[in-house]
Structure formats: C-alpha cells, structure tokens
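Chains here go by letter, A, B, C, D, E, F, G and H, matching the order in which they are written, and residues are numbered from 1 within each.
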Amino acid sequence: MLEVLDQVRAGALSPADAVDRLSDLPYAEVAHAVGSTMIDHHRELRTGVPEIVFGGGKTAEQIAAALRELARRAGGAIATRIDPAKADALRALVPDLAFHELARLAWLGAPGPRPAAAPIAVVCAGTSDLPVAEEAALVAEFLGAEVVRVHDVGVAGVHRLLARLDAIRAASVVIAVAGMEAALPSVLAGLIDRPLVAVPTSVGYGVSLDGLVALGAMLASCAPGITAVNIDNGVGAAVAAVRIARLAAGR
Amino acid sequence: MLEVLDQVRAGALSPADAVDRLSDLPYAEVAHAVGSTMIDHHRELRTGVPEIVFGGGKTAEQIAAALRELARRAGGAIATRIDPAKADALRALVPDLAFHELARLAWLGAPGPRPAAAPIAVVCAGTSDLPVAEEAALVAEFLGAEVVRVHDVGVAGVHRLLARLDAIRAASVVIAVAGMEAALPSVLAGLIDRPLVAVPTSVGYGVSLDGLVALGAMLASCAPGITAVNIDNGVGAAVAAVRIARLAAGR
Amino acid sequence: MLEVLDQVRAGALSPADAVDRLSDLPYAEVAHAVGSTMIDHHRELRTGVPEIVFGGGKTAEQIAAALRELARRAGGAIATRIDPAKADALRALVPDLAFHELARLAWLGAPGPRPAAAPIAVVCAGTSDLPVAEEAALVAEFLGAEVVRVHDVGVAGVHRLLARLDAIRAASVVIAVAGMEAALPSVLAGLIDRPLVAVPTSVGYGVSLDGLVALGAMLASCAPGITAVNIDNGVGAAVAAVRIARLAAGR
Amino acid sequence: MLEVLDQVRAGALSPADAVDRLSDLPYAEVAHAVGSTMIDHHRELRTGVPEIVFGGGKTAEQIAAALRELARRAGGAIATRIDPAKADALRALVPDLAFHELARLAWLGAPGPRPAAAPIAVVCAGTSDLPVAEEAALVAEFLGAEVVRVHDVGVAGVHRLLARLDAIRAASVVIAVAGMEAALPSVLAGLIDRPLVAVPTSVGYGVSLDGLVALGAMLASCAPGITAVNIDNGVGAAVAAVRIARLAAGR
Amino acid sequence: MLEVLDQVRAGALSPADAVDRLSDLPYAEVAHAVGSTMIDHHRELRTGVPEIVFGGGKTAEQIAAALRELARRAGGAIATRIDPAKADALRALVPDLAFHELARLAWLGAPGPRPAAAPIAVVCAGTSDLPVAEEAALVAEFLGAEVVRVHDVGVAGVHRLLARLDAIRAASVVIAVAGMEAALPSVLAGLIDRPLVAVPTSVGYGVSLDGLVALGAMLASCAPGITAVNIDNGVGAAVAAVRIARLAAGR
Amino acid sequence: MLEVLDQVRAGALSPADAVDRLSDLPYAEVAHAVGSTMIDHHRELRTGVPEIVFGGGKTAEQIAAALRELARRAGGAIATRIDPAKADALRALVPDLAFHELARLAWLGAPGPRPAAAPIAVVCAGTSDLPVAEEAALVAEFLGAEVVRVHDVGVAGVHRLLARLDAIRAASVVIAVAGMEAALPSVLAGLIDRPLVAVPTSVGYGVSLDGLVALGAMLASCAPGITAVNIDNGVGAAVAAVRIARLAAGR
Amino acid sequence: MLEVLDQVRAGALSPADAVDRLSDLPYAEVAHAVGSTMIDHHRELRTGVPEIVFGGGKTAEQIAAALRELARRAGGAIATRIDPAKADALRALVPDLAFHELARLAWLGAPGPRPAAAPIAVVCAGTSDLPVAEEAALVAEFLGAEVVRVHDVGVAGVHRLLARLDAIRAASVVIAVAGMEAALPSVLAGLIDRPLVAVPTSVGYGVSLDGLVALGAMLASCAPGITAVNIDNGVGAAVAAVRIARLAAGR
Amino acid sequence: MLEVLDQVRAGALSPADAVDRLSDLPYAEVAHAVGSTMIDHHRELRTGVPEIVFGGGKTAEQIAAALRELARRAGGAIATRIDPAKADALRALVPDLAFHELARLAWLGAPGPRPAAAPIAVVCAGTSDLPVAEEAALVAEFLGAEVVRVHDVGVAGVHRLLARLDAIRAASVVIAVAGMEAALPSVLAGLIDRPLVAVPTSVGYGVSLDGLVALGAMLASCAPGITAVNIDNGVGAAVAAVRIARLAAGR
C-alpha cells in the first residue's frame, strides 16, 4: 500500500487512479484463481491461520486444485471432511497426498514454521467421538501446537475424569469433545481454570437431534467460561485453541 | 360387578339388561359430577394414587369444587400449579385450604393411611430449581413416602455432589431436579445403583428453550437407567417414585 | 483405598504421595485400555449394571475389543445397535459371538449370577415396534430379570389391551414400547399401579418426527407416574426396569 | 351474471365492456366496505357457512363494524376470541351484544333458518379443555346443528370413556377436544365408525409445546380416519362437522 | 357376550368365573395370532373399516402373513408403503398378490360388498403429489366408494382450479392433496360447501421441511372447515372421506 | 478521499500517515456519536436509503437522539416499532414528533426530495394484517414512492382478489402482506408479471407459530418469482420495493 | 373471451351457455394434458415467465413429456433438479436434450425472443455454493437476461468482496448465493443501492440445519432491502431478478 | 487434605474414619448453607473465578443472602439478571448494594486483587445489544481485566467496523456481541488473529427466534476460530475472555 502512495508522491500515479488502485489492492495481489475458487493467500497474515479447505460439497478436482495452490505457496496444506471414496479420487489426482481415515483429513506437503504455542489438551468423552477429537488434534498440530490426548473420560464414570485431571490441567487450553456425554464440559469447567472450548458431536440418536441437544446442553450449562463451536467442528475448535495457545506462549 | 352377575343368576336381571348395566358400571358407581368435572374416585383403586387436581387452566371455582369432592371421600386432596392470586381466590372459597407458595401447592384435609413406602431422595441442582423439587417432595409425602432433601448439588462443583452421595444412596429411589445443570442426572446415574427419575426444569434462558434442552440432555445421556418426566413435572416424578418406593417396601 | 491409608499409617507412604495415589486410585486399578477405549470394570460395583457396548458409531474392531475385555472379566458381555453387516464383520473377528437380528444385539459368553429381580412386563404396541421391545426384553434378561412379553396391544383396539391386563398386572414393573400408538402408556398408566417406563419408537412418518412426537405425547400425558427414556432406547428402559425389579425382589 | 350477458345480447353493452364488467361482478355486488374490512356476503352461498369474525388481532371498533354489517344482512353474526376486556369494549359500542365468557364468543342478533343437520357429539377430555369444546359446540349450534356434549372423558381412566360410548355413537359426527389427554381421539377412533374431527388444545406445559405435541400425536396416530384442525380451533372443527352433519341429514 | 350371561343364568358358569371370561372375551374370540402380530377381525364391526396393513417397518414375511390372515376372513386385504423391492419379496411369498407401483399399494383377493358411499373427489395439485393422491383414491375404492380424480390443479394458475370446480362440486366430500402448492385447500375451501380433507405431501425442499410447512399452512389457513391428516397419509384421508361418504349415502 | 491524496501529492502528508488517515476516513467524516449510537450519514449515499431507526429494544432517549441527529442532517427521519407508551415518552422528549398508532411509526420533520419511483401496490390479506401493511406503505411513501393500497383480498374468497387485479397490475412492484391467508402471494404470483415481495405476518395462533408457517409457505410455494422478508417486516419490504420502483422509473 | 361474447351478441350462443363456456375458457384453450400433467401455456402470458419443469419427485417419463410439450409450443423448455442418473434416463427418451451437470439443469430447444432485461449479477460466496448460483445464472439467461458472475467472495475475507464491488454495482439487480457465509447478503446490502435477492444454500453441517440458519440469518439481518427465496432455490431467484431486470430495461 | 492424612500418620485418626472424612472434606470445609443455597467458596481456587449469582428465578431474599455470604468471604460479590423491581427489593434488604440498570447487574463490596489480565475488547453491533455487551464488560472488569468498548460497529455499514480495527486489534481477546447483525463475528474473525468469543443476543423479531438464528449463524460461519456462548450470556463470555486474557498476561 505504501508503494502505491509512494507513486502518488512521485507523481507517477494520479490521486484519482490511486483511489482505484487502492480499493483493488488488498485482494488483487494475493488472489490466484483456481478455476472458480479464489485462494486467499493473505488470510494467514490477517488471521494467523491459513485457509483450510472444507472438503464437504466440493469435488475431488476442486479440492486437489486448492490444496496444490495452497501448498505451492505455503509449503503444506490441509483439507477436511474427506471420506474414503473422495480420498481415493484425490490420490489419483495428487499422488503424494496423505490421508487420515479416522479424522477424515487429507494433507499435502509440510507446513513451514509456525508461531510458538502452549500445549493443548484434547479431551474426548466416548469412542464414537474420536473422529472429531482427532480432527481437532491433527489440525492443532498442523498449526504448530503440541497436543495432549485424553480419551474416553465420560461422566457416566466421573472417576475416570477425575483420574486424568492432572494431565488436563497441565495444558493451557482444553478442547472437550462429547456427544452422548454432553455433560463432560460442564463438569470439567468446574474443575479447571483454563479456557475450555466445547465441541458437541453428532453421535447419538433420538432426542440427540444429531448433536443439537449436546450443543444446547453445553451452552445452557451454568458452568461459566465454556465456549462452543459448531457440531462436529473439530477444525474450528483447533483454530480457536491455537489462537489462545499462542497468546499463552507469549506471542 | 359380582352383584350384577348375582342378579342375573337370581333371575332378577335379564342377560341383555346386564350387558347394558355392565358396560356402564365401572364408571357410574364412582363418578360424581362436580359441574362439568367428573371425579374418578376409583382411580386410587386402579392406580394406587388418587386424582391430583392440575390447577393450570382451571378456574378457582373448578379447583375448589374438585378439592372438596375429593376430600369428602378420601379425607385429603391436593391441587398443583396454584399461583398466589389463585390461592387467594381459592381461600375465599375454601377457608380451611392450606397453601405452599414456593411449591405452588394447595391442599385440603389430611389423607388417610397410605401403603408403606421406602425413603425417596429429592436431589436438587440449583436454588432456582427448588419450586419443582419441593413440589415433588411434598406430593411424595402426601402419598405417604418419607423424603430426604438434598439441595444445591450441581455439577459445576462436582465435589458438592460427591460429598452428599451417602445421603442419596440411603434412599431406595432418587428424584433429580435440574435445569441449567442438566448434567446432574448423568453424573449421578454413574454413581448409584438405584432407580433415578430425572425432572428437567424450565430454569435457564436462550438455548435452554424453557427446559427442552435439559430434558433432551437427560434422555440423550449415555448413562443408562435414567428415566425422565415432563419439564417442571414434580408431581409426575413423585408418583413414579412412590410407585417404586412401595415396591421397595415389599408391597 | 484402605490399603493406601494403611501404608500411610505404617509410614510406607508419605501423606503427600498418598494424596496423589488416592486421586488416581479409583480408576487406575480397574481401567484397562483397549486401544483408545477405556473399560470401566468398576461400573457394575457402583451402578449394579455392567458396561453395555453401544455399537452405533463404533467400528467392528472397537466393538470386538470391548466385548472381549468385558467378557474376560465378567463372563459375558453384550453390544447393541449391531446391524447385519456389522454383525458379519464382528463374527469374523470373534467367532463365538451370538447375534439377534431383530433386536440388533450381539453377545459374547454368559453373564455370571445376577441379583434377584421381580418379573418385568414388556408391552409392545405394534409389529413395527418389536425390535425395540425385544432389545429391552433381552437386555433385561441379560441383567437377570424374568420377562413377560405382551405384544401387539395398541390402543386403536383398546379391547386388545384390556384383555391382557392380568398378564401385565402380574409384573412388578412395566416397559411400554410404542411409536404410532403413542397413546398406549397413557391408557395403560390409568389401569395399573406399577411403575411404568415408556419407550417411544421412531416408527411412523410425517409429523411423527422420528419418534419425537411419540416421546412428547408420553411425557405430556396427564396420566401421572409415567417416566420415559430416549427414542428407541430399549437398553435404557431395561436398565431402569431391572433396577426397580431388584428393589421389588427385596434387594 | 346472466343479467350482464342479457345486456350484451340486447346490444346495451359492448362485448368489450362486458369483459370488464364480468371480471368485477362476483365481488362488486356483494362487498360492502366497512372501514378497511370487506364483508363477503356471498360466502354463505359459496361455502354454506357465513363469515365468522376472528376477533384476535382486531380492535373492538373493527369487530363491532363487521358484526353489525353481517347481522344487518343475515340476521345474526358471531365473533370469536373475545376476551373479557374486549367484550366490555364491544358492549359499549354494540349494547345488544351477547357474550359467552368461557367460550370467548360474542354474537349479535339471531341467525335465520339453516339447512338441516344431523346431531354432533362434542367430546371433551379435561376441564381445562372446556373453552375450546364450548366454542365448537356453540358455533355448531349457531350453524343450525344439534349438539351433544360429553365432558371429562379422558383416557387416564378409559372406563369413563367406555361408559359414554352410546351417547357418542348416537351422533353422526364426533368432535374430540383434548390437550394433555391427546390420546383420546386415537382411542375413540378405534371404537366408532363415524367421522371424527380432533381438536388439539394448548393446555399443558413443557413438552406440550402449546398444543403442538397434542396435534402431532393426533395426526401420527395409527388409528385411521382421524382428521384434525389447528390447535384451539373450535370454530374450524364446528364448520367441518356441520358440513358433514348436513350431508348426513340428506342435504 | 350374551352367551356367557346365558351360561350364568343356567348355572353353568359361576358369576366369578364369568367376570374373568367377560374381560377376555371381546378380544379372545376374534384375535388370531400370526407370529407376533395380532389380527383384529372385529375392527370392521367396530369402526366400519377393516385393518389396513401399514407396510413401513414391517418385513415381507410379516406383511404376507397379515395379508393372508385378513384375506382369509374378509375376502380381500390391502397393504400400504410397499416399495418395489418389498413388492418383489412379497410376490415371492404370495404369488397372487397385486401391486400398484405409483401408489405403493399391494393387495390380495377382492373385498366383499361394502356399505353404499357417495362419490369422493380426489384433487391433486402437482404431478409429484400423485403417489399420495393415488393411494387415497385406491384405498377409497377398496372401501367401496366411487372416486373422481382431478389432477394438476395447482394455485399457481388458479384458472386451472376454477375450470374444474363443477367436477369437484359434484362429489360429496373432497380430498385435496398438495405439497409445494399447499395453498390449494385454502383456496378450494372458499369455493365449495362440502367437507374437505387436506393431505399435505412431503414434496418440496428447503423450508418445506418434508411437508411440515404444507401441513401447517393448511391448518393455519383462515378458511374454516378444512381438516387435515398426517403428511403423505393418503390412507387416513381415504378412511375419513369414506366415513363421510357413507353418511352422505344415507347410511 | 481525493483530498487526502492531494495532500500526499503536495507533500503535506507523508504516505505512511496517509495510510492511517485513509483507513479511518470513510467513517470518521460522517459518523457523529449520539451517546453510544453511531449515526451513519453516508448510508443513503451508499445504499440509496437513509438509516431508519428500529425502535424495538431501544429506550425513548436513544430513539429521540437518533431521530434528532438524522433529521438535523437529512430534513426528516423515521422510527419503527413504537408502541403507544413509547410514543408518549418520545413526544415528551421531542414535542414536534408525529406518530401513526396502527403502523407503530414515529417521524420527525419532512424528508428532502427523493429519486423518482414507479407506483407500488401494497396488497393486504386480512384486517389483522393491516399494521404491517401500513408500516410498509408509509415507509415506501417516506422514501418517495407512490403507494396503492389494496386491502382485505384474502384467498378464502378468491373472487375478492380477482376483482382487484387491475389495480394491482397497474403498479410496477407488489408487496403482499398476509398471515392466516399465507396462500395470497402464491395465488397472486400466478396472475401477475411484476416483482412480488411477500411479507408474512405473525397473525394467527397454534400451528401459525407466530408467522413462521406463513413465511415457510410463501417460500416453499411452487409459484416462482416470490421473494420474502422477515415476519412483520414492513420496513424491509418497503425498502426492497422502493429500490425496484426506482429502477422501474428509469433511475 | 371476446370471441365468446361476439357469439352471444350474434345470437349464436345463449347467455346461459356463454356462462358455462366462459368459466371453462381460460384454461380449456391452452391446457394440453400430457399424461396426468397439465401444461399451462398461458402462464407466460399472465406472468411473463413460462412453466419451468421442477424435476424433483417426477419420473424421467413425466419430465420428458412436459419438456416436449413446452418446447413444441414455445421453442425451448427447461427442467431443474436433474441428477446425473435422471439425465441419462432423460437422454434415452429425448436424444437432443442438453444437460448441465453442476447446475442440474436439462433443456430442450432454444427459447424464442424474450423481453429486454438489464444485467443481473450473480454473487456466490463459496465453491460449494456454485451449483445453486449456476442454476440461477443459467435460468436467468434462459429468460433473456445478461448475467455477470462474481464467485468466491465470502465475508471471511471481506476484502475479496470489496475488490469486486464495481462489477457488482454495474448490474441492476443482484442475486447473492451463500450457505456457510450467510453474512454475505447482509454485508453486501450495506454497500449497494440495488435490489438484492438472497439465496441461502444447504451447504454446511450441524447447526446449519440444511440451510435453515442461513435463510434465517438473511431474513433477520438488520440490513434493510434484502429479500430471500427458499433454500437452494436458484430458479426462484432468477425469475424474481428477471422480473426486476425487465422493469429496469424500461419494460 | 494433608491435615487429615497427617492425623492418620499420627494415629489420631483411623484409616477407616479418614476415608469418611476425606470424601466429605472438599465441600464441608467451604460450604456454608445460606438457607437452601450452598455457597461454594472453593470455586475460585478451582476455576479462577468466584461464584457469580444468577438472579433469574431467585427471590430477592435468596440473592441478598448469597451476595452477603460471598462478599463476607471475598470482599466483593456480583449478581446478574436483576431487573429494576428486583433491584428495589434487593436494596431494601442490602442498603449498600450498587446497581447498573442497563447491564442488570448488582454488586456488593469491592473484590480483592485479581491475577493480571491482558486487555479485552468488547465489540457491540447495535444499540439494542448494549445491555449484553455492558454485562460482559462489567463482569470482565469485576474479574480484574481492562476492557476496551467498541460500540455500534454493525456490518450493514462495514466501513464502521474497518475504521475501528486498530482499537480491536490492540486487545488480546475480543468479545463480539450481536443480534440482528449476527454477521459481525464472521466478518471480524476474518480480519484479526485473536481469540474471538461471540455472544448472540435475543434482539430481533420473527425468524430471529429470540437469538437462536444469531447463535446458529455464528456457529455455522465458515470463518474458523469463532467460539460462542449462550444467547445474551455476557457473563459467560466475560469469564471465558478473562481466562484467556490471564494466559496472555503470562499467568
């Protein structure tokens, strides 16, 4: 931006033209069209986090193109919600793609260095909640944070949770993933003094309403200090936790 | 019914007339119209529990008439959902009426002897849940059960609950009342081996949805063995618990 | 726990170390990790009911590992929500597995002796509700209760229900399973004096909303004493009924 | 309409003008503006039922004007959803207005003769459902039908209902009004061979959802032949039943 | 029943035994267990309509057994919600089964004579609503009514509807089937004086909510006299309309 | 903005300082804080429509301050959702305020000249929908459009609507306001070739769900070309219609 | 219609017969039954837009017949919601059919000349929203409008949107398509003075509720002037926008 | 706890008695019953945040007792959801109570020193959202954080937001409060790299659904890193933000 203004000062650009240039600039210099997808390379500068490709509702071709363009610039790129069939199609297009079946994640290349981040605990209530917990853990690691996994600590046996409290308290921020044991974040929030990001999962049936009741229970809880992300949104929880963990690391 | 059949045997009644008499009998001998309200005096015989007058949506006149008719036959009668204004109107009609403001209950006379029942624990999560918990406790006492009250044992401080476990375990059946701390029954169910009746309350705001989320969370919980009643339904929980407590008393 | 305290008394353990030991103890001595699943062998001690593996959202490998670990300790183990494809995969892993297709249950081994329990009636409204009713009946039997099955007694022909009342009244507790005939528990509750656990099913279409309306109708009913479990939750109804039936057997 | 065409034939009106006249005619000759309200005097010709003024959301002035215009033409007119305060305001404007507080109905004048109609049974589950039942009964009577009232026959004591079956079966069509006893129409539909119009009421609390669950339960019932109207819609049920009762009377 | 009472009179049966016999009688003499399905042969006597087998959620074996038992007694039987795959399975079990693919109906044999019924109009808004409309029409014909089909008369072109009014008015009762054109019953109800049964369909997307909005719009309409059945419930509409049409035929 | 750039060119401002100035400029020169409310005087430049004060949830003091600041700059200003009590409080603060009780609008001063706009028809289904229709009409007039009001043309008597078609077709854009007659826009859209903005109202009860069903019915309709605004949102419909009407006037 | 009246004038038709003829005429002369589907050839005359075949819930045979009949009369015809399997079946029936896979559109022939229309901008938030955006764009082009496509301008990077404002402002009306970036229309509406039609998409998961939350957010936004169509309803947005664009072109 | 163990070591307490003492200890030493309310003085030790009294659903007496007990121990105490009437009742009981009407907060005394915390930005979209924003800001200050207030920066004029970005970016964590401008957090999250806690408000009408749509829109947004709290839950947002801000301050 300064460059444009220097040109104005130097008389190489009229003020009127500069107005036009300035309004286009932030995007024009960074966007590279990949088919009809625009890749926003400035996003990491603005938000600290690169674009993560949401694979749901995109074709393998669209995902492959986006991953390649992101990896070309940044070293590594990651896509979420990749089911096994789409993973196969992707690997046919991008042979050096890596895939994590449980977490439904695909990635390409290795990311460059990230800002320092304090450790994050990913606490998971039940075995059926593991895919979402692992999505959160892997994305947090992709963003440069160290992750402690604490699994199968539901509240139906609250002792299981109490027995793992030390490991949880050692982290600077906690991600709690639960569906049928949606009480987990409420109980946990009363036992720790760290930020707690709750991730409801769509595990369950009947009145679970595909995770809506778990989400509601987490938000309605009287244990203050819990914040929540969308159902099954391991990525969102990871990004939020990493932003906090970087602050805790003195960034 | 035997009486009708005896008359048939004695020839005092033709079989055809008996058919008509029999189909009317179960109701005709016990129903006394009070205005347009029919009082079902046989209900206690059939179900073990007398009619309890639901005061919501009824006028003071209708409630007074029903209470008087029930008390005349059974010694004592009880009405629920009586707000202070309706209580005043009721007392003008029935001077010897008693009223419990917190529990919104009115009663007339004293019930006769009830079947034996084992003790019931009424566990209440927060101060705002007390009206429902007290409705449950008083109705259970009206039905002849001994009640242990355990208050303010929410899960935001799970130690408060653990500290009272002995008192809770001493009961034969547990009623757990909670709104914003809807996790309470889930945690409790993993700690006791008694039947547990959960009562969601409409305490809360926003995503609480007037208790719907608390109800959903209780039912969706993976802690098996929890059963639930309608939101704020202290009466229903009391009746269910008393039926169980009578079984436990060897009835 | 006494053992730890004895060591403190004997001076073999410092009070500070005992604090650490004690907080870990309840879980550490009983939990055996099976992959990322923790098996809670103490659950039956605390709650009277062993862990029942919820098969929904778990892989065949996860289910097989959990069943094996539970059966190794307790003699027998059971898993729910097993569809035929998953049953085939399970049997490939655990050849001596038994499978009940209608009830979607798999089990391994035979449970040891259970506490005495009074008889339970499982009342089922329609043919389409049978899978849930059978899940409830088989789990109750697995937990040691005797079960009386009363099928196809919907309210569209209320005489069918009246004709079976004696069989129902002979049980100490009643499980009523219904979807499109959600009125069944309301009618039944007015005819018996036993605890009644209602199980809504997801049978139906349109406004049935996958069982939500049946559940709501059961809870909103003015027949007091009905309690309900989640939609299609035969397991939860069985556990609740067995807890009651054990009380009724004088436990 | 014939009149316009006769004018065309006679040359008194050009075909082009007739096109314009004809499109305006059906409404122009019958509509009399009352403020901004249009009174549709042809409605009874088309539908067999005159306009009934819905009082909700209208001012006393608007209701008074509509009642006066309707009564002027047809002899009598009726308005619904009139609470006591609005009734007072109406009576100040229209001194000879009659008012039924329980049913929230106001009427003016007496209707002329109506087509013959067979008897209608209005069956009401609970005392709290009476306002809606009485709205249905009074509107049916206003439309010329004879009404049999059968009150307080909920399913919590199914014998109460069975005892009144003869009275119900004597009618040609049945209106069943219920809120917390929403099972009533389902049970009734299995016992009679007459058309049955179910009216859910907003009586209840919690999961009743202001009548939505009662409506859903009535529509989801597997007892075929039940039709339903909107929650608390006594008027709609009356109009539907009267249309049927007129057919049954040989109209 | 008279028979039992005659035995009492004759001394062949004690009154006490008669009480037992009588309570079992209404069902015992007519129910024939078909596997776990009870066939209620008395239903047609009580309700004027035989049991119609709801095929959803039943196995081909269960449906075949029920159809055979019903047809054996009554000459003909009908099952609904039969998709092509289930139809194939059924035909393998019951070779002489007939199947209507669009209406998803299967039937066996021919029904005996039915009571007289006046003609019924089945009015269908869009092509996509035809399966439900045809289910209604065929079931009405199975029950002995004459049906007039009026198709594709949506309100997006209200002239199409006006042009068919005479055909519609010639019927004694009208079934209106609509999904995306849910306004059809509202418009129609203002143009006819016959009973009108509205059937919402699940046709549509987005805010259609699988037919819930169509149902709501039909019930919320200010055109009085519309009654509705469950979404896609052609059978229920047919039964309701036939009950009315029999009354109109002077039954 | 050009001014800032001219200063850079003239050397009066360093490029770095200009960057800061520029990012603040668009807002700083036009925003005047009124307490904690920011008035966005540039909005009319950007969007063609000035800020309209939404009175819901604001105090009389906040509304008065906003109206005064807007009127000071633009000549006239308008506030919506003003109930009579708030209107009284407002008039005490702003004596020259005008108030329209039915439409719940308050305004101050007179707006300056507006761009030309073609006529708009506001079509209203029922008397109870008038407040919303009048809010739309008055706001459209405030924004400089001519409005034709067509009232009480519900679909329960479709002839009423057909009779007014010429008046409606004479407008360039149509606003259709309806609650219990939510079919109105669907029917109308099939009869005209103009843009049609549907406004659902919260008039109704039961399944109306405070307007949600009317909104859903309007959007789910198969009559293409209907667009909708929020329930009771007369203002939004007016702004949308005026934008269209200005285009139609050749702007 | 004039023709009929001329016959009356000439005495060739009696007034009474003319009444009958007239009521049938608008539809009879234009409707051609295609199986049970009625094709409304007058629709374009009345509404400016021909019938567009909604392919959802129709068989390939029904769609083929409707397309052929429409194309025979009008030169070109179009069908929506055609998935690849249905497209294959259609092409087997109609070999010269064209198909656009992304937009799920099939068309036959080429439409005749359309009225002039100003340019329309179709703004699309994310790659996953493209199918709906392209449906809107292609239908608008089929109806004769010029379309400017602006893709991938979500609000997560608001600069991307600002950079394309000039292209958007050059259109006379804007269609904004968004699912997970439902904020797009709110932001856009504050930046332009053109009519804006918002199309929510069903892209997303969890609380997205298949597009319901995006729709709600668009309608609840305080940015006045936004109107919305049903979720994923590209066709409806196109028709609405074309009606506006024709007005803007001076029609 | 060490004290108990020391007694065991010293032989002053038997191990068996110690088991009993230990299970009671965590609660017994800190809980002081205030009527039926238990005050959990250990909460600040465990969670870093003292108990904040939720005033909704509590009587003035209950609130006063809780505030007095908390302030007696901790120096200062705070209660939320205090409407003006309840504030008057409270001041009659606790004369030295302070009250903030807009934020509906009451407090007593002054809190002691808190841990250091980095600055928090409270960003508020509209004037009607101020009560919730101010509740968040005051509670954060009560907990020892410095707060920067940024008001009236809705997205309908996105420049207003861009102009305040520097102030927002200067904070370590951002609370964004919005109802009708629920797009605010989505837009903001794409512009900053700090943790962002979104607070939906119940401001709005119609499809706003009392804040549910705002909440849904915030959670469904594709801008990763947003976390949310319950509708109108300023307290919860403050507690979450303070936990983060303390980490950022190096705690």
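Definition applied: contacts are C-beta pairs under 8 Å (C-beta built on N, C-alpha and C of every residue); 3 or more make two chains touch, one makes a residue touch a chain.
Fair warning: this is a prediction, and the values are worked out from it, not measured in the lab.
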Report summary line: Shared touching partners of chain G and chain H are A, F
Query - Both-way neighbours, i.e. chains that touch chain F and touch chain E - result: D, G
Query raised in the report: Looking at G-H, E-F or C-H, which pair matches A-F on over half of its contact pairs by residue number?
Result: C-H
Requested in this report: Would you mind working out whether chain C and chain E touch using mostly the same residue numbers, over half shared, or mostly different ones?
Outcome: different
Query raised in the report: What's the chain with its C-alpha centre farthest out from chain D?
Result: A
Query raised in the report: Taking each chain's centre as the mean of its CA atoms, which one is farthest from the centre of chain G?
Result: B
Report summary line: Per the C-alpha means, the centres of chain B and chain D lie apart by a whole-Å value of 37
**Report entry** Separation of chain A from chain H, taking each centre as the mean of its C-alpha atoms, in whole Å
**Finding:** 26
Query raised in the report: Between chain B and chain E, what's the gap in Å when you average each chain's C-alpha atoms?
Result: 40
Query - Junction residues of chain C - those touching two or more other chains - result: 43, 46, 54, 156-157, 180, 189-191, 206-208, 215, 219-220, 222, 230, 233
Query - Chains touching one another, given as label pairs in label order - result: A-B, A-C, A-F, A-G, A-H, B-C, B-D, B-E, B-H, C-D, C-E, C-H, D-E, D-F, D-G, E-F, E-G, F-G, F-H, G-H
Query raised in the report: chain E touches which residues of chain F in the complex?
Result: 126, 154-158, 180-183, 186-187, 189-191, 204, 206-209, 213-217, 219-223
**Report entry** In the complex with chain H, residue positions of chain C that touch it
**Finding:** 1-2, 5-6, 8-9, 11, 15-16, 18-19, 22
Report summary line: So, in the complex, the side of chain D touching chain F is made of residues 23-24, 26-28, 31, 36-38, 40, 42-43, 46, 54, 56-58, 62, 66, 200, 202, 210-212, 215, 230-233
Query raised in the report: Taking the complex as given, what residues does chain A use to touch chain C?
Result: 124, 127-128, 130, 151-153, 156-157, 159-160, 162-163, 165, 180, 203, 205-208
Query - Interfacial residue positions of chain G with respect to chain F in the complex - result: 43, 46-49, 52, 54, 118, 172-173, 189-197, 215, 219-220, 222, 224-230, 233, 235-237, 239-240, 243-244, 247-248, 250
